[in-house]
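There are two complexes below, and they share chain A, which is joined by chain B in the first and by chain C in the second.
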Partner chain A sequence: MSVLTALLKILIFPGFLFLSAYALALQFLDRKLYARLQSRQGPPWYQPVADFIKLIGKETLIPAQANQLMFRMLPAFCLAAMAVAFVYIPVWGRGAMFSFEGDMIVVLYFLAVPPLASFLAGWYSRSLFATVGATRTLTQMFAYEVPMFLALLAPTLLSGSWSVSGNMAFYATHPLLVLVNLPALVVTLIVSQCKLERTPFDAPEAETEIVSGPLVEYGGRYLAFFTFSKDCELVVVLSLFTAMFLPFSTGISGVDFLLYLVKTLAVMAVLCLLRATTARLRINQIVAFCWKYLAPTALLQIILNLVLREVFLI
Partner chain B sequence: MDLIKKAIAWGSRKSPWVIHFNAGACNGCDIEVVDALTPRFDLERAGVIKQGSPRHADVLIVTGAVTLQVRDRLVQIYEQMPSPKFVIAVGACACSGGIFNGCYCVSGGVNTVIPVDAYVPGCAVRPETLIAAVTKLLDKVEAQTAAADGQLPPGPEAEPTPAPAAAAITDQDGGERHGK
Partner chain C sequence: MENELVSALITQFPELEGKVTVSKPMRVSVDWLPQDLFLKVIYWLHDEQKLTKGHNVIGTDEGENLGFIYMISGPDQVIVILRTTAPKSDPRVPSLSGLYKSFVLFERELCDLFGAQVTGLPSGPRYPLPDNWPKEQWPLRKEWKPENFDRQTMTYHEPAQPAATTADPQQAAVEAKTEALLETVELGEEAKTATAYVNQPLPDAAAAKPPAPAHPEGDNLITVPIGPQHPSLDEPSTFTITLEGEKVEGAVIGIGYNHRGLEKACESRTYVQDLYIIERVCGICSHAHTTAYCMCVEQLAGVTVPPRAEYIRLIVGEMERLHSHLLWLGVAGHEIGFDTLFMMSWRDRERVLDILTVLGGNRINYGINCLGGVRRDIDPGLAQDILKTMDFLETEIEYYLKLAETDSTLAARLAGVGVLSKADCLLYGAAGPVARAAGIADDVRQIEPYGAYRDIPVRVVTDDHADVFGRTLVRIKEMLESIRLIREALRLLPEGPLTVRVPRRIPAGEAIIRVEAPRGEDLHYLRATGTDMPDRVRVRAPTECNWHGMQHMLEGGYLSDVPITIAAIDPCYSCTDRAISLTGHSSLSGEVLDWKQLREYSLQWYRQRGVDPSRIDVSDAAARAD
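And now, the complex of A and B:
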């Protein structure tokens, strides 16, 4: 692959430009579906774009006591991490744009950047509400990281490949084995909600208690890029989820792309349903829930997969 | 340049994020403000989202005659908002002091403390009136933003126009009162 095509792929399709467009579209669909579930009309289709443009046009205020450099850089870090993680996830066809053995670990590490960035954003804002939100973000991260890693590891134990594309290729030849991973699928679904800090796991943002969490001091274009990178995080998590647990593909690139859209939208709908039908948990309840129920289930799944692999020598 | 300005004007028109501040209302108007934000009226159709942080908000909705206790906080919250920012005074109290006008502990209408862009009369206001006020204000905002030459919308005048009622209070016994 020449440098030019590689650049085109990374920057335009299926890379950054597609990621941005899809992130804004998903934000709209999420809000629209949420509104419909509450029997209202919901925002018009251009709402995410209007919000973004408006925030860009606003005055930039940085609190005097905040760390100026970190305050400005964190949204960029967050967005860049998401753009890089997206490179290793299959969108167009069965394989990702780039892949190597172990790229799943890289994606998981990049996925840890948004919560860390929002923790640092809250910490360096030096505001009371932001600090409370920041500590909650970090506490929540300790709650969901372990079940998430365990659950995402399960399918790779069967496929024997720690690459998202390799995993996809394996399950394309053994589609029935997907059923074995059902418990891990459920765990990851709940953990995704937790990772994305959506209700019922939105204790870090909890606008009725701590205003709006770590981003309380952010405004203008920095807020625009922070919220935008959170939307990108949603796309990356959904794409990773579908690639690991719903790895059905035909091998024809265009059809696979459509399949990808259908799968991510379906998972999105489930997450939105979860958001619309639950109320916020306290942070200690979140931690207890993740460690008491999700982590053991994921661990059982790992044992099951190890046994299966030994018995059937997959 | 022109296109960018138009785009930003369009964006501000289509996505007003509001923050609600009770500056000493009897809670009647606050109930109605919250009512206007419920699914029944579905203000998200117009892009309205209620924000908790003044840094995220564009429109400050103030209810109640501003009490002396809360006056400085109101100014602080107003100053924390990034411009372009707009203030809507909701209810008779916020417009002029209402039934609390002349009370020893209030400073009068909201315009005695911060510049106000729209007044919504009523005791308490109806949600429909509030929605009409928001849309009227936004139309004005869009026209202003698109017309201004490379400047942020002029928005409110620097010097708040004194409400007649507020002026009257100062006459009675100035000093502690802050009516202009």
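And now, the complex of A and C:
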């Protein structure tokens, strides 16, 4: 692969440009569906773009006590992490743009960047509500990281490959084994909601309690890029979820791409439904829920997969 | 019941012979007493007769004296009205807030509005007047004229003597204004320390602690200001929450931002004009307030409202309860992040508002009540529409009830939050759904049926959860009860006229009326002197009772539960506060800016950003604007 095609792939398709477009489209679909579930009209299709452009044009205010450098750099960190993580997830065809054995761990680590950036943003804003929100973000992260890692690693135990693409290739040949991973699928679905800080797990940015949490001091283009990178996070999480738990593919790149769109949209609809039908949990309830129910389930899945692997020598 | 109480009083205190009367059913009125006798009587009533519920304390201006009217009641719900006076030269009166916790706010009002010195009142900030209100100005005293008060400089000018002014009068006016600006309001001690609270003050030890740092470094206590502007508050108020982690260690409540001087305004307008003011005490329970006010005037004038009017009042009152509770349900859903519930219940609320618009012409201030009856009729077509809407709402509300009883996230957020037990409710004098959720059947519609409620008895909804969950259930079930009442009233709607004539001049006397507003007992006091204007109007909205238990409800909970706990009493700040615009509050920053300082601040703000406003030619800009 020449450098030029590699760059084209990373920057345009299926890389950053596609990620951006899909992130904005998903934001619109999420908002529209959410609105329709609440018997509201919802925004027009161009609303996310309009919001982004409008925010870019706004005056940027940075609190005097805030750490200027960190305040400005964090949105970029967050966005960059998401753009890199997306490179290792298959979108066009069965394989990702780049892959190596163990890239899943890399993706997981990059996925830890947005909450960390959020935490640092809140912490360095030196604002009361932001600090409380930052603490909550970190608390929530400790709650969901373990079940998320356990649940996402479960399918790889069967496939024997710690690469997203390798995993997908394995399940393409053994499609029925996907059913074994159903508990992990449910755990990951709930954890995704938690990771994306959406209701019922939106305690870190609870508007009616702590205004809007870590990002309360953000405005203008920094806020625009922060929210945009959160949209990208949604795409990355959905893509990773479909690659790990719904790895059905045909081997024909174009069809697989359409399949990818259908799968991510379906998962997003489920997440949206979850968001529309629940109340926000308290942070202590979130921690208790993650550790009491999600982590043991994920652990059981790991044990089950290990046993299966030993017994059937897949 | 009333007569037993009267005879018991006279047996205990022979000197009260001839001074105690049963003024109206359920009202025992005691004449003006000297303070020592008054104290003996009220302590005896509290301790021996168990009259432990404090309804209201009203200040009045009796010429040379200040009058204090106390209303208390016991288990048999008879309101005993006790009066005492203090000369204006030495307006001292002992505080009864130790006896009746719910008197704290009312007694603060006496201090602020009448200049009474309530001895023994727990120290706290002023309420309900703004912090930069000048000292020695007591707006509800009769000699205080609002037209002599300059709101910009917050100064009161004695009526100008027609003195011989030699200099240019315009110049003199400017100088006077400058003078006033210069001697700007000195902050009172209490205003400086104003971490406003309603309830018992924090223990001295807690108050003496150094203020918690804004950033949690070194100390693990942080103070979070909820308000005056905060997404979860729909009206300004300040809740200063001290947190240890996520746990609320202390809560300090500051209200009084919305005092609009309605009671003073009422005193200089006729009874009919006052109706429009009273309608605007509150945005949601406007009908409850006018009903109480009209009933006061009608009782004094001795007129009987035609039955059809009473039924229409009931129907509108119950529709108001419906839309108020639907609004509350939506707010509660929003506070706990359940926006779908918020959208759905507000959508349903529109149906009620549509009916009220057809009936009264307005969504909120429908102005159905007029003195002596109601303004508009319900014709058969509208009755059909109402019944259809009720059918629609019944299915929706039954669904909400099922949702509240079964939804697990809702239960997780509401159960065990903001607990105010039955004993605490009685102690703090909680009213309405808050009390009913703790198992107290406190509903004026049943205790003292008025209007059409005499024909259509109300089944009082109570619950034993005593927390936010219980309050939710009580409100939802009350909506179902309201639908039943509306259907019943439409079925029984008698024929007849809508109004009777009420004379312009109301005979001298006083009336104390309570009405069940959506948020609880709404108590109005009206005193007439035989003219066409009232002598004293006192509106005690239900929220004013419910503030007292708030600190108790907040402390020990989580920060996440603060918004829903506040929302669960369905607070109506403007009802409680009722005066004059507020330009600053010191509870957080410790400084109050007056007009001049605000201007300087804004000029400085712009200069820092490279804009020099002094170079903008104002006259030029004004000319262009024309």
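One rule holds in what follows: the second predicted complex is superposed on the first by the 314 of 314 C-alpha atoms of A that agree within 3 Å, B and C clash if a C-alpha of one lies under 4 Å from a C-alpha of the other, contacts with A are read in each partner's own complex, and residues count from 1 in each chain.
Keep this in mind: a contact is a pair of C-beta atoms (placed from the backbone, for glycine too) under 8 Å apart; a residue touches a chain by one contact, two chains touch by 3 or more.
What you see is a predicted model, and the numbers here were worked out from it, not measured in a lab.
K.L.:
With the two structures laid over each other on chain A, which partner does A:56 touch: chain B (first), chain C (second), both, or neither?
P.N.:
Once the two structures are laid over each other on A, A:56 reaches chain B alone.
K.L.:
Considering only the touch criterion stated at the top, classify A:280 as touching first (chain B), second (chain C), both, or neither.
P.N.:
Second partner only.
K.L.:
Contact-wise, after the overlay, does A:208 reach chain B, chain C, both or neither (first, second, both, neither)?
P.N.:
In the superposed model, A:208 contacts both chain B and chain C.
K.L.:
Is A:199 contacted by the first partner chain B, the second partner chain C, both or neither?
P.N.:
The answer is second: A:199 touches chain C but not chain B.
K.L.:
Does the superposition put A:131 against chain B (first), chain C (second), both, or neither?
P.N.:
Touch status of A:131: second partner only.
K.L.:
Is A:40 in contact with chain B, with chain C, with both, or with neither (first, second, both, neither)?
P.N.:
Touch partners of A:40: chain B and chain C.
K.L.:
Do chain B and chain C touch any of the same residues on chain A, and if so, which?
P.N.:
In chain A, residues 38-40, 129, 207-208, 211 are touched by chain B and also by chain C.
K.L.:
Contact residues on chain A for chain C in the complex?
P.N.:
On the chain A side, the touching residues are 37-40, 126, 128-129, 131-132, 136, 199-200, 202-203, 206-211, 276-285.
K.L.:
Which of the residues in chain B end up touching chain A in this complex?
P.N.:
7-8, 10-12, 14-15, 39, 42, 44-45, 47, 51-53, 55-56, 58, 80, 82-84, 152
K.L.:
Which residues of chain A touch chain B in their complex?
P.N.:
31, 35, 38-44, 46-47, 49-61, 129, 207-208, 211-212, 215-220, 223
K.L.:
In the complex of these two chains, what residues of chain C are touching chain A?
P.N.:
214-216, 222-225, 230-232, 243, 246, 333-341, 343-344, 347, 407, 409-410, 412-413, 558-563
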